[in-house]
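Per-chain residue numbering starts at 1, and chain names A, B and C are given in the order in which the chains are listed.
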Amino acid sequence: MNAQESLQIEMACTRLVNQFSLFNDARNFEALSQLFAADGAFARPTDPENFVSGRDGILAAFQARPHDRITRHIISNIVIDVVDAEKARGVCYATLFMAPVDAEPAMFGVKANSSQLIGEFYMDFVQTGDGWKIARQTGKIILAT
Amino acid sequence: MNAQESLQIEMACTRLVNQFSLFNDARNFEALSQLFAADGAFARPTDPENFVSGRDGILAAFQARPHDRITRHIISNIVIDVVDAEKARGVCYATLFMAPVDAEPAMFGVKANSSQLIGEFYMDFVQTGDGWKIARQTGKIILAT
Amino acid sequence: MNAQESLQIEMACTRLVNQFSLFNDARNFEALSQLFAADGAFARPTDPENFVSGRDGILAAFQARPHDRITRHIISNIVIDVVDAEKARGVCYATLFMAPVDAEPAMFGVKANSSQLIGEFYMDFVQTGDGWKIARQTGKIILAT
């Protein structure tokens, strides 16, 4: 694999990482589930050993979550390691701001919960017939403000 | 458009997004205004329908703001969608830390305001004779800590 | 230098910036020191004029720090300027969350200190026989919450 191909894989996987959180926060769980490979697996950082599998399973797991929160997952420190032309791994930090859906209005936006969570996501990526996808994602919460 | 060209557009637009906030926080409004196309338009996330147009108009709008704040706009989750060889769109999150210019000294730096704003920027980009530029930018505040 | 080469340099340096903080937070100081050129220099943002030099010197300086803190450096706004085929410069923001190693457990993770630091890193990069490395890094703390 040449440098150019490696760069394209890094960018494709970086994009998946950012899209995951954008779709999650927008509650676009259908689009989120399509970021995963057909047999992809996902575990929440708050329950990191408990994987759900397959796009339908991941979609159902997200739809089953309480719908009473506004979230913004601030993604940073993305590093992608290209393993070969069909596999890559990645890590990033996520800082989670939350509010109840009926949060009181602030001067701008609504008032967030006072506590934020700072954690990590760990991803395996795979090249599929439909481009790079997330093969497996889990995470870990490190700090709470 | 091949993958290589698409990658270059993604990186050029990502750079514009980061530079916008670096220049804004450094109060280098001349450089900030040059990130926009000659007929570019900008609206603040706190007043997202109220666009100013043209580099001179954008420069004047930034210079007219109160000069009594230190700001740092933490930019994350940048996703760029390449439309064609001359157009792209982007979204990102911004977490805004602020302090008055006469803030009390902390052990390191100065004491920030207790409240931060978490919002989103939405950008249209355009290829010009002088490289990729911001054609239109607005935003929205989502949460306030 | 063509656009493709410039892009590869930007990505290689962006990777160094993110790895620096991942290795620092993971207390993998051996790996951190290898991100620097053999004659690389580093100064902490809290003491930005006080440089240590060489990989062994940088390793020793990190090992000598108090080992009683959990840290997460949230890196954002990375902008890399390619100077030529062998030199580049970069800037980024860093938001530092900390906790004592014996911090009280939270519902998830452990309780962070109430104060965070928001600062900047400034980097010079150099192409070596072993790829791009950090030639010089310093920084500055801007705000403390």
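Note that in this section a residue touches a chain if its C-beta (ideal position, glycine included) is under 8 Å from a C-beta of that chain, and two chains touch if they have at least 3 such contacts.
Since the model is a prediction, treat every value here as computed from it, not as a measurement.
Q: What angle of turn lays subunit A on top of subunit B when you fit their CA atoms, given in steps of 5 degrees?
A: 120
Q: Would you mind working out whether subunit B and subunit C touch using mostly the same residue numbers, over half shared, or mostly different ones?
A: Different residues, largely: of all residue numbers at this interface, under half are found in both copies.
Q: If you average the CA atoms of subunit B and of subunit C, how many Å lie between those two points?
A: About 24 Å separates the centre of subunit B from that of subunit C.
Q: Could you list which residues of subunit C touch at least two other chains?
A: Counting only residues that touch two or more other chains, subunit C contributes 4, 7, 11, 74, 76.
Q: Tell me, which parts of subunit B touch subunit A in their complex?
A: Interface residues on the subunit B side: 3-4, 7, 10-11, 45-46, 74, 76-79, 91, 93, 95, 115, 117-119, 141-145.
Q: Under the stated contact criterion, what part of subunit B meets subunit C in this complex?
A: 4, 7-8, 11, 15, 18-19, 21-22, 70, 72-76, 97, 99, 106-112, 114, 116
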